[in-house]
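Two complexes follow with chain A in common, the first pairing it with chain B and the second with chain C.
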Partner chain A sequence: MIFRRYKTSLVAIVALILLLAYYWYKQPLILSPFGLRTLANQGTTLALAALAQLIVVLTGGVDLSVGAIVGLTNCVAATYMGTGPASVIGVVILTLAVGTVAGMINGLFVAYGRIQPIIVTLATLYVYSGIALLIRPQPGGAVPDFYAHALTSAWGYLPYAFVVVLAVALLIWTPIMRTRLGTAIYAVGDNPGGAHMSAINVNRTLIAAYALGGFFAACAGLFLTAQTTSGDANVGTTYTLNSVAAVVFGGALLGGGRGVALGPIVAAYFISIIISVLFASGVSPFYQSIFQGGILIVVLVFGNAWTLRARNWLAVLRS
Partner chain B sequence: MTSVETSPAKGTEAGVLLEARGISKSFGGVHALSEADFICREGEIHALLGANGAGKSTLVKILSGVHQPDAGTIRIAGEEATFSGPADAAAKGVATVFQELSLFTHLSVAQNIMIGHEPTGALGQINRKHMRATVKGLFENLGITHLDPEALISELSLADRQLVEIFKALSRRPRLLILDEGTSALGRKEVERLFELLRKLAKSGTSVVFISHRMSEIREFVDRMSIFRNGRHVASVNASECSDEEIVEMMLGERVERAFPQRNVVAADARPLLEVDHLSGGTRINDVSFSVRRGEVVGIAGLEGQGQGELLLALFGAYRRLTGEIRVDGKPVRLGTPWRAKKAGIVLIPEDRKTEGLILPMSVRENISFATLPKYGSFGFVLPARERAFVEEMIARLSVRVGSMEQPARSLSGGNQQKLVIAKWLDAGSDIFLFYDPTRGIDVGTKHAFYELITDLTKQGKAVVLYTTEPVELIGLCHRVLIMDDGAMVTELTGADITEENILAASLGLKRKAPNGSAGSPVNRGARP
Partner chain C sequence: MHRRELMRLMAAGAGAAAFGGTFARTAFAAEEKCLLPAKSDTPMVSWKKKDGPYKIALSNSYIGNTWRTEMVQIAKAYTELPDVKPHIASFQVSSSGNDVNAQIAQINQMILSGVDAIVIDAATPTGLNSVIDQAVDNGILVVSFDSLVTTKKAVIVNEDNYEMGKKWADFIVEKMGDSGNVLMVRGVAGTFVDEERTRAAKEVFGKHKGIKTTEVYGDWDDGTAQKVTANALAAGTKFNGVWCQGGDTGVIRAFQQAGAAIPPIAGEAENGFRKLAAKLKFPMLSIGQSPALSALSIKAAIAILQGQKVPQSISVPLPTATTDTLKAGVNYFPDLSDSFFTPINIVQCGLKFDIQTILKQKV
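And now, the complex of A and B:
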């Protein structure tokens, strides 16, 4: 029963295993405590951003402001964190609240404004980046060592970054997706008309999903802050499109209704690590982007080949 | 099960659960229902019968809260009720299984059935164990053993999906369960099982209202039947007290007279232009063979959804992996995409002009010239003067009512939109025209223009395949009529045998003696693949 839902993650898992095997062959040191920690830290921000993207994609939308919210929360955290444990905890909560509110605003426009999600979030992308720039016109800021250490260090072979991702996935994502709200999010993305007919409040579900997306983006921002120990308003840009790539690569349907957390998280590590792998195998930096994109396309084509079995082209075009 | 009130309220007959009086509803000036009455008693299985467009579906949509009536009252157990939407109706004890499935394909059977009222724990967590048990209990009560509550909907057959849809409605413990064409995807055995299940429900006090076209299949299972015609309630009868003939008579009523142009005379030696040999595939086309000669109109009839639409789509190349052969003018053609079909000279006037026929936001001019653009181009550029001349000619030829050829197709009336779809293909050099219910939702005057147009096409030696839901059109326009049932051709009617009685009887699968002697020749049904 479990496997039915998780088999959409299979392409990403197999791809990551193959990639890591090749990486290990080129660079055996990745299996050291230091190597694992580097791998984990490299991909965790994107993994959390992918969760933010996934919950919106499940409703049939897309959130282009994910990167902007990551950048905004990064600036908030790095600017106000202070040094004492109390202020750190306070600012962490504040940062999560900022992300949630930013997501909720997206949701309100999508639900009640009936505006295409891609346009709403494109507009808020600019607004949130602008606010981040007001807070932190130049890169900078600081976080206490214990904060950075707590998120990015390692306990022997176990990097704390993995613990962070597992905690967010198992203690926050999974319980939420197991409530009525979670089912409603899938239902709304799968068949909005049917959801309405089944007495689900479609608008409230949308708002909740976008707000949760903002929350997960704030989690990504907090991790990024620990990793870079500074704030930068422009740092989030790459996470928007990479999070969409991770979500699709991880087996979710862009049309909504299908997808689990496992695939996008795994895909996020794949996408984050691939650059290092290309570097380790001696590909010139000038060719890295070409290889990165090419590898993604090849993997996606393999993963998607089954769609073409449909009998009716109309069905293929609508899927 | 919610307790069923046994004491009738004032003014209501004892044992009546639902009473609808004087229900009227019109859509854009067309009366779908006029002052229809309907009464359903507690614990009975009640079938709604009527030809296409008789108003059954509209009534069901009003009873389930999808549409609000223009006039009339609904009482449930004697209390007046108005429904703001499907959710409201469900809360008041009316659950409906719709024709368009409302399932979530990527969720499990149990999740679909319990959606919106899942059992939850203290933290809002859905108690999956409890949910599975509830669903299993529902299944066991009604003797369903083959459905796995954990299966995803996308893995189920259409028949099982319909069962899930029914259980989804039942899980809310309704007092009245409405099934709109609930058996269209079920086979004979499954229908029997479903009715056993409904019988059990009825015994426990739930009323069941049921729409089905397959009268012969359901008769033995229902208690009462209400017959509708042209938006009016004709009669309600006990199922055991009425013969098939009487019911067909009530469904037909008085004849609708409509003027049709003189049919084109097909030359005795006319060669077949389109030949279809043992065509199977798509979702339900099952070994279909027929041919159409130059100048001939062949009608495709039968109940709605018996594969007529799929057949036309298949001929237009929308499906892949078809088996069998299609020949145009004696030469086999390989279809598979609409552009290949167009090249072979086949065009389709599709079912839904708004999504498949036109590009609504684009102008009248663009919509008309789309399919034939290369004709008035030079080196790949469109010559506007030539294009405009052509569009003007088409607008005049089909008397399309437009202010300007630059206005968007969206702003036109249904009939004029349909003319655009035809104009698009008229001069594309095609010889075979497939029409999918071309006059649906169109006023009588424009309908007549279409009849003229179809007759004109045949006079020019073109071949026409016409699927229509209006039997009068089949009678008035067609040289031959083929009746489809469950994806296969079952009967062919020619000449004087094309009568409404014969078409309806053949569609319903009744063996009925026709006034003209024979009820058409049965076509051999191929074995199921």
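And now, the complex of A and C:
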């Protein structure tokens, strides 16, 4: 039962294990405390951004402003954080609020503006990046050491970054998905008309989903702030499309209604770690992006190889 | 071809074997005049002396313009020079694109693989600071060049952009006299480099009441610079001098298309600019960011690891050429593209490269 639920994540999990095995063969030190911490920190921002993308994808939309919200929240956090514990906590809450509001604005336009999500979020991508530039025209800002340590250090072999991802997934994501809202999000993504007929408030569900997306993107922004200890308005751009890639790679359907958190999180680590593996195996920088994309395609094709053996093509189309 | 290369290698090898000791010493003797502090109050840094050969890594961000490609090629060519090679156990290059997280990962990877020094062309001025601090805490020397980082733990190697802007402006005043119209083709708005260069130029031009300036933004790009220059010319002003931060080839083409006489131009160091100056013989001053900064950074890293004290921020002598000093195959290359960056040598630091060796390097 559990296995069936998480079957869609299998490709990403197997791929990550193979990748890590090869990486370990090339660079045995990744199993040291420092190596593990590096691995964990490397993928965590994208893993959180992938959750932000996933919740929107589950409703059948796509959020192109994920990267912009990551950049915006990064700028807010790094600019106003200050040095004392009280101001840090205050600014963390403020940052999460900024992300949530940004997401909610996306949701309002999608739900009540009846505009296609891809266009809404493309427009807000520019708006949010613009605001980020206003807050922080040049890269800079600072965060206190204890904040950076709390998120990116490690306790022996246990990197705090893993704890962060686990906490967000188990304490925030899973409980939400178990509520009526979670069920409604899947229902709206799978069949909006059916959801409406089943007395689900589609618009309210959409707004909640986008707002939660903004919240998770803000989590990613906060982690990135700890990692870079500074703010940069342009820092988020790569997370938009990589988060979409992680979500699809992790087994969610872009059409909506299907997907669990495990796959995209694992896929996010896979996508983030590839570049280090390529570097460790001495691939020329000019070929790195070719390999990065190529590996992704090959893995996805292998993941779908079972369709070749399917008895009935309808089984494939319905999967 | 193969045989010739083999013979050259053998000759170089024999030479290195014979002179190895002296070579190594003379190669680093010139640094006294080369690794100069950026300001008078720049602190000196020293490092725990290590015995060579050293493992060195170059962490580059964006790759995809001529300058960056040349920069990587020169770095590779430098590490293979017969007098440098004995100091180097391994040299790795990696380019992460303008993705901060990827570059952080890359530097972490370098820390893991136990390098002695990391040379960085950064994707962001501040985003790498924490990973650089980590590298330094792990006993790794970090040298930052071109696109710099702000942490004081890294040794900085760069050209003085204020000085560059000032020299360009001085040249225009010298050639034009103290009155006339100057076209200022600026770079990308809001960048540190553009601000510094322009601030210097305005201080120079501001001293002469007769000089009027017109400012346009050319984005350091031939196409954009050509367009904005054409617009400025169409407004009817006759320019007696051009102060240009980049895209100079485009600026000259705009003057040619408008049928205007080409005034004295002070600008960057693109090959196309120098090619046209050699052909048309207008007064030119060309100073540019040298792609050999990568080689100089490696050189500084080796010097520091060998126990030498250097300034924390090193100002690199500006590689300069004027119409009179242009020499085909040395400081401009008639056979190469217009976008090629000519200052591949920093002679004051003993960095001289053969153009063919550089072009042969795989990136």
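General remarks:
Please note the rule applied: the second predicted complex is superposed on the first by the 303 of 319 C-alpha atoms of A that agree within 3 Å, B and C clash if a C-alpha of one lies under 4 Å from a C-alpha of the other, contacts with A are read in each partner's own complex, and residues count from 1 in each chain.
Just so it is clear, a residue touches a chain if its C-beta (ideal position, glycine included) is under 8 Å from a C-beta of that chain, and two chains touch if they have at least 3 such contacts.
Please read these numbers as outputs of a predicted model, since none were measured by experiment.
By the touch criterion defined above, A:258 reaches chain B but does not reach chain C. Legend: residue contacts after superposition of the two complexes on their common chain; A:149 is shown touching neither chain B nor chain C. Applying the stated contact rule after C-alpha superposition, one finds that A:180 touches chain B and leaves chain C untouched. For chain A, the partner touching the most residues, choosing from chain B and chain C, is C. In the superposed model, A:224 lies in contact with chain C only, and not with chain B. After overlaying the two complexes on the shared chain, residue contacts for A:194 are found with chain B alone; chain C is out of touch.
Of the residues of chain A, not a single one touches chain B in one of the two structures and chain C in the other. Residues of chain A that touch chain C in their complex: 27, 29-30, 32, 34-35, 38, 41-42, 45-46, 137-141, 148, 152, 224, 227-232, 234-235, 238, 272-273, 275-276, 279-280, 282, 284-286, 288-289. By the touch rule above, chain B contacts chain A in their complex via residues 85-87, 90-91, 98, 100-107, 111, 115-116, 118, 120, 123-126, 128, 150-152, 155, 168, 281-283, 313, 318-321, 337.
For chain A in complex with chain B, the residues that touch the partner chain are 1, 4-5, 175, 178-184, 186-187, 190-191, 193-200, 253, 257-258, 310-314. Contacts from chain C toward chain A in the complex involve residues 60, 63, 72, 92-102, 104-106, 108-109, 111-113, 124-130, 150, 190, 192, 362-363.
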